[in-house]
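Okay, so chain A shows up in both of these, paired with chain B first and chain C after.
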Partner chain A sequence: MVDTRQLFSGNSSFSDIHPGKLLVIVFLISYPGFTSDFFTFQVGAYSLILGTIALSLMMLAGYGGMVSLAQMTAAGLAGYIMAIFGENTVGVMGLGWPWWLTVITAILSAAIFSAIVGAISVRTEGIYTIMITLAISVAFFYFVRQNYQIFNGFTGFAGVKPPTLFGIYWRDPVPFYYLTLIISSTFLWAVFHCSCSTFGLGLQAIRDNPRRMRALGYHVGWHRVMAYFLSGVIAGSAGVLLVWFNGRISPGSIGVDIVIDILVIAVVGGLRNPIGPFLGAIVFVLLENFAIDLIDRERFNTVIGIVFLLVVFFSPDGLLGLWDRISSKILSKRSARDENGRAQWEDPVSSGSLKTLK
Partner chain B sequence: MRILIKRTLATALFILVANLVMAQGTIKMGSLATLEGAFTVLGEDSMRGVKMALNEFNYSVAGKKIQLITGSSDASPDSAIRATRKLVEQDGVQLLVGPLSGSEGLAIKDYAKTKPNVTFVNGTSAAQDTTLRNPADNFFRFSTDGAQWMAGLGEYAYKEKGYRSVAVLAEDYSFPYTQVFGFLEPFCRLGGKSAIDARFWVPIGNKDYSSVIAALPDDVDAIYVALGGADSVNFLTQYEQAGGELPLIGGSITVDQSVLGSKGKTRKFVIGTPAAGPISDTWKDSRWDKFVADYKKQFPDGFPSPSLFAHGYYINTKAALLGLLLVGGDLSDGGKKYRQALSSLTFDTPTGMVSLDERRNAIADIYLTEVFEGTGGNLMNKTIKVIPQVSQTFGMEYNKFLNYGQVGRENPRCD
Partner chain C sequence: MAQPDALSRLQSAGSFALELEAVNRHFDSLVAMADINFTVRAGERRAVLGSNGAGKTTLFNAITGDFPPTTGRVRLFGEDVTDLPTNERIRRGLRRTYQISLLFHGLSVIDNIYLACRGVSVRRMSLRRPSKDDNAMESAETLLDAVHLTETQNDLVSTLSYGQQRQLEIALALAGAPRLILFDEPAAGLSPTERNLLVEILQSLPDHISFIIIEHDMDVALRVSESVTMMHNGRIFKEGTPEEIENDHEVQELYLGHGNIN
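Take a look at the complex of A and B:
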């Protein structure tokens, strides 16, 4: 799976922005203009939030080869801290810190939590990483469900609100959408660039051959823990947005099914490229909301399951892989002579958005 | 996949267009129940209740068609809010029946406050504070709450059964808190005891009760068990296998058909268990008999007898429809007139008269039952007594009742 071209994709610049990309950017910015509040808030903003959490998983799994199921837990911890240190209407905790301090505390705690998870699981590989991180997230779920003094048990917290700044209440659909759009695109850009930095390249090299990297003098463990820390920053920020979005947080928000949902989103979207998790999240949110209208209400979860199964079945690389396969087929037909064999590549980095680099 | 997205969008678009076309002659009613997760079976039965009420009206009121749009949650407040938001903000329902579970109800009540032009009618969620403290002006509950369901049980356990001290085993969320409060308050007022450390709170879906069973004290007269569905079956089986001998007192959904219909020794063991709730399977009354017969006829694949959930959703849907009838299906003023009509609505149900108090919570009859062995060895809930017209404050003054404090694990203290 070593793809040398991926390693040197760091030379990419945004000077030659693909017209398709431009179209997407324009679409995203003008999106609230032509949709209802529901589509702006519950489909748009929610997809971006879930996509950001899945992005933190993609970063670990795609670049670091570490599939961590504790990303949703890190996001949930940030959400809980917002409720505990900030304000809530339940009457438990709610220390009333100013919002900016709470946000910083929440994101930092999520990052540190994620780093600790990383430190615990750093020596494991593959399925064992999954098991350890799953165990941590399940333990956290049961802990918050049974702790009443701090986490208010089963009921959790309600009435967690974003601040009113510059005369704008940030939970109104349109401001909230732009808030999530800015934060998620910042992280998307950051992950994109991080993957091309020395750190990101080191991480990918560790994924491909840790022993060689160790021989080269890299501290593999710390490198990985650092990756966990950074992904915790992303997950924690998304967690803050999530608790603002829902206005509440309870053990149900971080249960095993949600943890798995994040994995599903990342896998269905595609783990090779940071844009994948967002695609997965859009499909997930649309299905979650509208599958019940497409089919008998007793069967709609089956539809969701089958769609995901089909995606993974036909394209192990998720939606991105599917897209690349289609687009590269069209391309290779168009310029079959000078682009021999392109259709065989399924890697988005080599055949997809970054193809202009060559 | 893209085809599916397109289809989804196309469906959404179609619904939007359809809205505009049909807006005049159609009333949109949403219905929210747990059609996924641990309470799926209960959620399905509650939808039967909604359909029964709609069938009674042939899906039309005052010449307007009722369009039913279903939403599903998994009993968590988050998912209930998401589904409700979709129904209200996307599908544009003008009235919503639901949700099913206690903590969902608390969340929907908070959401209702942000949508003053939509009318929310409860499903079967029975947490006390949904209507008792900070109620929403547009949230109506024609079904009673979990404490009301316990009416008469505390007295019965103390006076008739002669129990003086009980242990408590219940699930750890708002609905069982409400039930435990409803049972213990009169029981303790009469002089009964229930120590704080003899109360056991388990998570929903708990499978292993061995640690609870081992910790149950010996010096109590009975165990009050407020568990639901599979949890209840699991506990009873394990308690019986562990050689437990203490008599039981049941919550409203503890000794239901799934327990009574089970095979094995557990059956013998539950005979004589008193319980209370908004329905009684064996109530001899023509209205109830007709309800059961209709249920069986319309849903041959349903339960042998309508559950508390079908009943609760039926009552609430019917109330919503009767209210529409009173205003001639006119919701053009954002439902203001409609909600006034609902507030003063009194109607006859399969389980007696129902009316609302000033916080829009139902006043209704409650049934005290006891498990007995019928002819042919069938276990049944025999109706011991009907407690007429139980109000949320049990006839007390509102402010005085608030002094009891919020329901919770240690309310009442009772030691």
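Take a look at the complex of A and C:
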């Protein structure tokens, strides 16, 4: 298990950062500089948004042992709130609240929704949590599809735009990319930080043994609901970005297929570490965009399904686990080679020094 | 008429750490524990003996609320806690260890003890990182030393040996000012050296702490306790001092078998 405390230990200086990580940071910051708008917006920003939604699932599943399929629904709710309370071009609702108030309302609503999902599913474990949260997602999907007064039914909303601030229109590819980069990396840091806070340690302990946590004085239910609330903040923020990215939201944006995609992204990337969901999201978005060059558009789910099966089959810990295994193999080979070399130099038997001693 | 009643209740509240009143526990049609009346004075050290299936662990589960009694009342330090959940009972000074170690395998040793210390204090849900000068962290380090696990403090619990896991199990129960501790077979599977260490830890507990210990090792049980309760088939069979129980003919027959008394 990776000790995440060393990654962000609080008192680390710039020189403590691993060169590999520094390279990734430099790459992410300079990314729009050497790619087209398509890659910046459709690949870069979209991966970061999906990665952030999957991150909210990773926090619940990886640290809390609770696999919730309602994360995309929380994000979708935030998107709907943006359209309903903010502005849209459909002519239904669109209360025209100022953008900042709408954003706060959207994120808070998603968090409260997520906490309610948590409160409902908190007494269940494993497959039953998955079933309950899936049921909630499906219920929400049908609800918004059938409700025309507030959610505008099947059509949903269009024309949901981010504001123009400091003279920048934030849906332009490059500004939007940086906006998503800042928000997603903030949440990545926050989840790392949370994992070694008292709350985060408690959450991991509940994952390992809820009964013992009760016997230490913890209210396991509250702890779990709080985790759902925090993950709802993450999912809701990503939901706001997603509705700005698409410019529209409809029941199709929160259907069962997308709900499952988020789980696939998190599992393919790896649930042990907050980086995992982002890796999964990059693979997913690349496949989504380029698999159709090789096969028919309708066959996309076959491709993602096969990738999912392959990753799960070869590495239950996702791409991160695969990477860990490969790097530890290389390391052990290298250290074995080094030891061999050292043995030849230092081994008194092979160097004959033992004989001289005798 | 009400006054003397209230007075006697107040007096008993001061003197008893635990009172069980006509406690029963059924699992469907199986009666695991029947009509248990049981008291432990404040500061008393009690051993609970009995063969497998006698209802000893069920008794512990009823006291902690892991599996609450089907009928009957449980009072902790004079307060009726029958309807309270486990975590509320723990906050009133109750602790327990488990027969099979229930630890947090994905966390380090120090984090396990830190969480135990934090569990009964404020800021259980703090989003801040525990700092070195944190009270709970300081008491965690003291406890770590008391159970001789300082060297392994940063190791994951899953990498500890069985004996070390048992020590940690005890450390978790000692965290955060306990007043009544339930030890469920703490010596099971320990080496003779580890058993001596365990006895040492139990004997060095402050006087105000009461404990109940379930133990099959008679030597350990009788060395650390001042009174003994024998259970058989879910009922209390006999109570007395270690000497009385040790020399009781019926107990010998039941617990040690015929071969041992001939």
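Here, the second predicted complex is superposed on the first by the 313 of 358 C-alpha atoms of A that agree within 3 Å, B and C clash if a C-alpha of one lies under 4 Å from a C-alpha of the other, contacts with A are read in each partner's own complex, and residues count from 1 in each chain.
The criterion applied here is as follows: contacts are C-beta pairs under 8 Å (C-beta built on N, C-alpha and C of every residue); 3 or more make two chains touch, one makes a residue touch a chain.
Nothing here was measured: the structure is a model prediction, and the numbers come from that model.
Engineer: Just chain B (first), just chain C (second), both, or neither: which does A:Ser253 touch?
Structural biologist: Touch partner of A:Ser253: chain B, not chain C.
Engineer: Looking only at chain A, is it chain B or chain C that touches more of its residues?
Structural biologist: Counted on chain A, the partner with more touching residues turns out to be B.
Engineer: Kindly classify A:Ser327 by the partners it touches after superposition: chain B alone (first), chain C alone (second), both, or neither?
Structural biologist: In the superposition, A:Ser327 contacts neither chain B nor chain C.
Engineer: Quick one: classify A:Thr124 as touching chain B (first), chain C (second), both or neither.
Structural biologist: Once the two structures are laid over each other on A, A:Thr124 reaches no partner at all.
Engineer: Using the touch definition from the top, say if A:Leu201 reaches chain B (first), chain C (second), both or neither.
Structural biologist: A:Leu201: touches chain C, not chain B.
Engineer: On the A-aligned overlay, A:Ser36 touches which partner chain: chain B = first, chain C = second, or both, or neither?
Structural biologist: first
Engineer: Per the contact definition, I'd like the list of chain B residues that touch chain A in the complex.
Structural biologist: Within the complex, chain B contacts chain A at residues 1, 4-5, 7-8, 11-12, 15, 35-36, 44, 47, 70-72, 74-79, 81-82, 85-86, 89-90, 103, 106-107, 110, 172-174, 203-204, 409.
Engineer: Touching residues of chain A toward chain C in the complex: what are they?
Structural biologist: So the residues of chain A in touch with chain C come to 1, 10, 193-194, 196-202, 204-205, 207-209, 211-220, 222-223, 226.
Engineer: Within the complex, which stretch of chain A touches chain B?
Structural biologist: Interface residues on chain A, with respect to chain B: 36-39, 41-42, 89, 142, 145-146, 148, 153-156, 158-159, 246-248, 250, 252-253, 255, 257, 283, 286-290, 292-294, 297-298, 300-301, 307, 310-311, 319, 322.
Engineer: Residue numbers of chain C touching chain A in their complex, please.
Structural biologist: Going through chain C, the ones touching chain A are 64, 66, 85-87, 90-91, 95-96, 98, 102-107, 111-112, 114-116, 118-120, 123-130, 156, 172, 175-176.
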